[in-house]
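Read through the structures below before going on.
Paired with subunit B in one complex and with subunit C in the other, subunit A is shared by the two complexes that follow.
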Partner chain A sequence: MEKAVMEGPRSIGQSAGHVEGPAKVTGRARYSADITLPGMLWGRALRSSFPHARIVSIDLSAARRVPGVHAVISGADLPEVRIGRFLRDIPVLARDRVRFIGEKVVAVAAETPDAADEALSLVDVEYEELPAVFDPIEAMAPDAPLIHEHPERYEHPPIPPIGGESRYHPFANVCSQSIYRRGDLAQGMATAERIFEHTFVVPPVHQGYIEPHACAAAIGPDGKIDIWISNKTPFIARRQLAAAFGVPEERVRVNPTSIGGDFGGKGSLMDSALCYFLARASRRPVRMVMNYTEELTAGNPRHSGVISLRTGVTRDGTIIAHQAKLIFNCGAYGAFIPLHFLHGSVHSAAGPYRIPHIEIESLRVYTNTVPRGHFRSPGAPQTTFAVESHMDMIAGELGMDPLEFRLRNVLVEGDESAMGERFHHIRCGETLTAAADAAKWNSPKPPNVGRGIGIYERAPGAFGTSGATLSLDRDGKLILITGAADTGTGSFTVLAQVVAEELQAPLADVIVCQGDTDTAEWEEGAGGSRLTHMAGRATLIAASEMKRALIELAARHFNCTSEQVQMRARRFIASDGRELDWKSLVAWAAEHEALPLTRSGSYVAAGHPDVTCYVAQVAEVEVDRETGQVRVRRMVSAHDVGTVINPLTHQGQIEGGLVQGLGQAMSEHLLLRDGAVTTAHLGDYKLPTAMDIPELTTVLVESQTGPGPFAGKSIGELSNVPPPAAIANAVFDAVGVRLTDLPITAEKIYTALRAMEKRN
Partner chain B sequence: MRVPIEVTVNGKAHRVEVDTRTVLADMIRDQLRLTGTHVGCGTGSCGACTVMLNGRTVKSCCILAPDVDGQEIMTIEGLADDPRHLHPIQEAFVVNHGLQCGYCTPGMVLSALQLLNENPHPAEAEIRRGIAGNLCRCTGYQFIVKSIEAAAAKMASKK
Partner chain C sequence: MNAFTYIEPATIEEALATLVRHGEEAKLIAGGTGLVNLMKQRLVNPGCVVSLRRLAGLADVNLDDGKNLLIGALCTHRTLESSPIVREHAPLLAEAARRVATIRIRTMATLGGAVVHADPNQDLPPALIALDARVKLRSPKGEREVPIDQFFTGYYETVTQPDEIVTGIAIPPSARTTGSAYLKFLPQTADDYATVSVAARVALNNGTIADARVALGAAASTPLHARVVEDALRGQAPTRKTLEQAAALVGAIVDPIADFRGSVPYKRDMAIVFVRRALGDAIAAAGGAVI
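The block that comes next holds the complex of A and B.
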């Protein structure tokens, strides 16, 4: 109690609503599609209707004659650059060849959307169709059509030493290959008493953010290029845009906007480079807004794939050796992921298990389909569906309870992970037990009701540099300028809480501003569960420096040394008992030319974090044997967490993620036929609605061990991963049907049930 | 072909000229510059573009602007556009974390308004049905349902 009085109200642990909440509930928040500049034109793109074709000729003359049209451009009008988040293999507009249905071929800027559409309808493109391939396994066949003729010419930064041995374009139509080995797989398999082998299929799914990609570009009289873009990493976007435009980075300014959902999908440039080229050609500002059909057919959905697992165990159920081959379809281009491989695919192929001998091969294969990108814990939901289903299947074959089998094999304190990581405070078993207890794992079940488990591990993101600038203004308010974008997770609120906590300030006195890339400190941005940790630490450094500066000011006022001044409950107290409150200090500082007072912080992680986060989920389902319909009755999600900075936004991440996982388990499937996405609107691509939500129970297994500010961990990319496996395992428990492909539809279960009845 | 229409939006009379193909959402956003009405799917599935037409919610991406000639529209800006003086539903969404990215929020708030106008004391299942036409990808809906429950309680206590 005394401590609380001494320090004033605490901000850490406070359930604070979103700092941007008032702007968002009144419609005042400004998204990229809301940007309007004088003279602004509408940009639109003509997309390929062929999966693979040579462009024979393009006639733009009729399009250019449409009234209100200011620019019509094709690939020939652009510099010969390719863009990408890591591998730069996609042209801004197709040149010579199109490689998927939806690839941009021609773009137009016009005064109205109707004029732009009319111009596009008059563009005459002559194609010569080429043989196409849509399946990644078929694409690796020796006689498969070659999708990229000279992939070795594509540029990329040096490949970092993660994901095992990795290379780009090792053989025809393979974009990247990563092989991770530990121990001796052959020896491990030879020692094993039972070996199990299963193959799983995961479909492409879309991030489903409600805001389609939008951007705007304007070129100033001095040549400064202003960009507005629904992108979660403004500084990275600036770097990629400058490279695409062939200008120095300081010529490009990426401006802040609200982002209408990200989930990993808003990290690429999408139309923004093209938007600039339209602005350059038309000499007018241009805005491009994708419609949702373009989003679903030509966005950057999750990698689909085929995952084969082979695991050797002893008769008592101890895992000895594990082999995974992951073949992902990356679509026509590899440009939409920020690394050479799907990080979560290799990492979660091992799972949180103690495995002495392991070999994982992860491939991304080119096909003539929509290019794939990142989606919330990239690679992990697909792989975890396979691994966690496989674990249940092994337990079943061994006659063991799935919970018992896992508890026997999960990492415990002192273990090294299969990836060679050494974590302390490993609480996988505790988290698993907490989920099982909350779900009453061993309690009796009515007929056709089943329970299933899924578990996943992911460490807080620790990469890149974060920055923060904190100023004290004359009203005594603290203004934090961050270069990060808040994609909706509540990052700005968490950063405000960090400032408020360190400076003992009311949360309302902290104002968070997203700076543009000219004014904010460098910030790697949102992604990889890094923001609370990295931007949080940078913010804490700035706040600590501000505290030190305020104490120095108070010491000047008291005419003593700063060691003789303490800050308590927003009061500055000298050792001789003299006191000064916050307001008086600010007033004194203003009079003595000490304002504005600004301090910055910059944070680079020391390396891979030495603690991680576990999630364990139990699904309870009921299956209708007549129809095959599955009803998820309840989901329990147990989380191994650090200090929870904001319980409300933390819970929002858990629930939002879990419901995405539920959608991917039950209803979401970006269907493709001959390279064309056929679920081309949100009536056909089925996101969960408010009526599809089961009873949700969250259990937090807390400890103050995280690498983030005030010992926080990460939460954003955990709860979305296990639901497909947990639900598939529960369906098996309920009616004995094992589905090895997603989503879990009534049709598949109905067919399996009828087949089972026939056999019996 | 362009046609003139007269429409009252948020209590203010407007005369605008629209193309016969213009949808209401685009007229509201591009001509009246009320960008709180968001366009998501454009096909009537997501509800981000929800506005009130003569006091009832509609998806403004699926209505032609010429068809609202002589009628009354309320957008999110008409509910309360001053962040310091929020409607109880808006306030409940802020306090109860009924939003994350905010893109679905204006439509969600207006669907909640219609629900509470018709049914001031909805059960949880009725709330879920009331917002079933509005998709949210961020929250998993739990805090949205809680926000609407809190707003209902507050609005009832004020009566």
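The block that comes next holds the complex of A and C.
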């Protein structure tokens, strides 16, 4: 742990605005859709209008005759490769069959988007419809149509399963299954005095980033392939692209671009492999930009699913045993997640509770619907809605206050988590209490007003390798080259603050550049709440090395040993009292051929972190009994945090996440009918607006215990998780209506209230 | 979007001549908030887009000698919501305009566009029906006026002929003891089309309802004039029971579509609730009280 003994202005703890912010708000920032190269063409794709069909024939001849069209390709024109983040099951263009409405079948490169679209309108595809299945439970039935005939042929195939055994042999459209056990579930349930069982339904939702997926591809005369892509993990994208193109990785360069929001949805190749094949076919650079209808109908929204929970408790409200069965709809392809299974669904299925006997089974099932992907704390929002609603329902049945029930069961120092982790500095109860206190949990409420609580735990990301390169230039500025993309979270700013802090430099003297994959150090990239921790650590190593090098330079100048030199407030001070300021040292170094001075850092995770983060939220709602309309009056978000490196961007993460969670609680629903997304534009897919945001109180329960630089923790994937449960619990508290499916619409509450009136 | 020619006539006569010349190929554009979306989705593919932006005087707001409020077709929603004349003489229209979409849309979208677009989910048409507005149309043959509740003929359809341009609306003066309310039910997000919307205007006379106007949006294939509710109110004392009974009558005439904003039975029930609430608010605005 760093000693926070510093002199001069501190950068850590400064509310610095995003370093790349001015470029973004003045339109100078370059996004993938802005890439323009000489001779560049527009790429567009024709998508399937059938959920499941055999492609009988494709006639491209009329499309090829459209003026301005330079290439028209179908799956038959491509090598037989499939792409994916882990499981590689999605073809670049459909071959022989389509598996969802929106699957790409034919692609065109043309001089204008209109010419491309006109060409696509002239493509004649003959389909033979196949039986389709849209519901994951129906898809697992023995007579369900098989969506993939030979899944075992895919790279990282869905079978054999994780967890040792399969209950789904032969293959029954189960893309992945994960079974986690601890203790003895049967014995635990046998000793329980009460057993509660509830089932919850969660819909698909879209990440809602402002920037739709975009990419560009250009092939150099030397065969070098340049790719621009709105992707949060450029190095991993390069690996996947090289595999898709059948070339060595060094032939592919992924170039930095600004990213207009990611929220977990920008980890795939999306159209970029296709864009390359269009560039190859047309011998021109090609750009592809999805429109928002394509995003909503054929992006990679969050997994929908059905979650069944069964929990055994003692009469006094102690949880003994807990069983979770999670059946997620992964759509037609499993390619959009970077692991075999939806990790967060398993991890959050037992919540932050002390439970001796557990069984969790999490499935992803293929259906003929839009493929599902990752979305901010993947798996956890769905699962936490179920778990935290379930906990309230149990507390209610036992006649206990929901807060008291949780406080009785949450982990305390010394406990092992349900997942077998041993965390230190566990402050779960403290965080819950902080949220409840700020919300005045026990204060009187007007009629039809209710309060609900929800809690979630997530450890800082600690996986992969991060790298950083730091150079000192002749002006005395520090230039940090990172391979990480800033997806809009403020990671560049945090990295700059780490450099500034370590080298006692003004933040304005640190310049952050995203390097391309040829020039930057390997960087695993954004995801899993890892960047502040991992890239922050790598950056701190580079900055510490730079500091050591500067002290050595000063020692050369003073003609003494480096032990005899100290750096204090940007001055180098020898033990005999001689001093040199930063500028003079840089000038001296330039004269003595010591510039440019470059130091690198690389950081590899040392295993799972031994600390974690909690978020507890209280929602206060008011229900209009005549209409069922819910107004969220206010929300409290309490966070167990480490050193807050940048209070402004930290708060931005909390508020942004909370509003995202609010949208998923109240209005967002990617509706599907017979496999077709019917909420196909942002007029129908309802994201919350500024006017919908309730009064928000944030409580930070601070400590200097994080694994990141200067004892920071993660914040990006916490506040978005509990809102649906907290709001659903508050609605129950207000009017006695329990909703077990999202979103919480006025009509559902209205219908339930009218049914209650009839019963009484 | 498909390619098209763009024409900006300088006078209304020139605009009308352009319409005649291009026939069905031509589409008029004002703020563009409706047409451009339809063109982007290729639901409408005009060969020629005729802009009204250069036509002088079509954005004016005036009172004539008979205290009729005359508003030009190019007047934006933003002007409707902020104009002192509109706020004084047709506060219902100002309130409905304020509830439209976002300030970015309201700055572009025009009154004429909102009328001729004939989207039954929009906010201005119910308010205009409740205000007894008349739509002014001009063609090469001359001018005519159509009462707004006879203007809409179907989903996105009006009585406007291919050679006609909507030039404005006229709103007759209201009695001094009149109050109005516009309620837009937005249970999902604040930026949405209404699940149901209700415009109500009530004139009181010695403690009874002298006259009433009730119109609904998002309740049928056209903006809906609820005459049956008005008939039940005329001459009645404004009791809670009267309002409830009158509002309940709207249930038989609404014909909403089921969508993600609600099922048909829910929208019908909400139409009844919001008609009652809007009448209550209008009575309060008229200085009365529901007893």
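Going forward, the second predicted complex is superposed on the first by the 740 of 760 C-alpha atoms of A that agree within 3 Å, B and C clash if a C-alpha of one lies under 4 Å from a C-alpha of the other, contacts with A are read in each partner's own complex, and residues count from 1 in each chain.
As a working rule, contacts are C-beta pairs under 8 Å (C-beta built on N, C-alpha and C of every residue); 3 or more make two chains touch, one makes a residue touch a chain.
Note that this is a predicted model, so its numbers are computed, not measured.
*Asks:* Look at the residues of subunit A and decide whether subunit B or subunit C touches more of them.
*Replies:* B
*Asks:* May I ask you to decide whether A:H18 touches subunit B, subunit C, both, or neither, giving the answer as first, second, both or neither?
*Replies:* A:H18: touches subunit B, not subunit C.
*Asks:* Which partner does A:Q629 contact after superposing on A: first (subunit B), second (subunit C), both, neither?
*Replies:* Second partner only.
*Asks:* Going by the contact rule set out at the top, does A:G652 touch subunit B (first), subunit C (second), both, or neither?
*Replies:* After superposing on A, A:G652 lies in contact with subunit B but is clear of subunit C.
*Asks:* Looking at the overlay, what does A:W228 touch: subunit B (first), subunit C (second), both, or neither?
*Replies:* neither
*Asks:* For A:A29, select first, second, both or neither according to whether it touches subunit B, subunit C, the two together, or no partner.
*Replies:* In the superposition, A:A29 touches subunit B alone.
*Asks:* In the overlay, answer first, second, both or neither for which of subunit B and subunit C A:G208 touches.
*Replies:* first
*Asks:* If we overlay the two complexes on their shared chain A, which of subunit B and subunit C does A:D114 touch? Say first, second, both or neither.
*Replies:* both
*Asks:* For A:F263 in the superposed arrangement: first (subunit B), second (subunit C), both or neither?
*Replies:* The answer is first: A:F263 touches subunit B but not subunit C.
*Asks:* Answer with first, second, both or neither: which of subunit B and subunit C does A:F336 touch in the superposed model?
*Replies:* In the superposed model, A:F336 contacts neither subunit B nor subunit C.
*Asks:* Would you tell me the residues on subunit A in contact with subunit B in one complex that are also in contact with subunit C in the other?
*Replies:* 114, 683, 687, 689, 691
*Asks:* Under the touch definition given earlier, write down the residues of subunit B that touch subunit A in their complex.
*Replies:* 19, 21, 26, 29, 33-46, 48, 75-77, 79-84, 86, 90-91, 93-97, 99-106, 109, 127-129, 131-145
*Asks:* Which of the residues in subunit A come into contact with subunit C in the complex?
*Replies:* Where subunit A meets subunit C, its residues are 114, 626-630, 663, 666-667, 669, 671, 678-679, 683-684, 686-689, 691-692, 745-747, 750-751.
*Asks:* List the residues on subunit C that touch subunit A in their complex, please.
*Replies:* Subunit C residues touching subunit A: 1-3, 102, 185, 187-193, 195, 260, 262-263, 266, 269-270, 273.
*Asks:* Given the complex with subunit B, which residues does subunit A contribute to the contact?
*Replies:* 15, 17-18, 20-31, 33-34, 36, 113-114, 207-212, 258-263, 289, 291-293, 487-490, 648-649, 651-652, 655-660, 681-683, 687, 689-691, 693, 696
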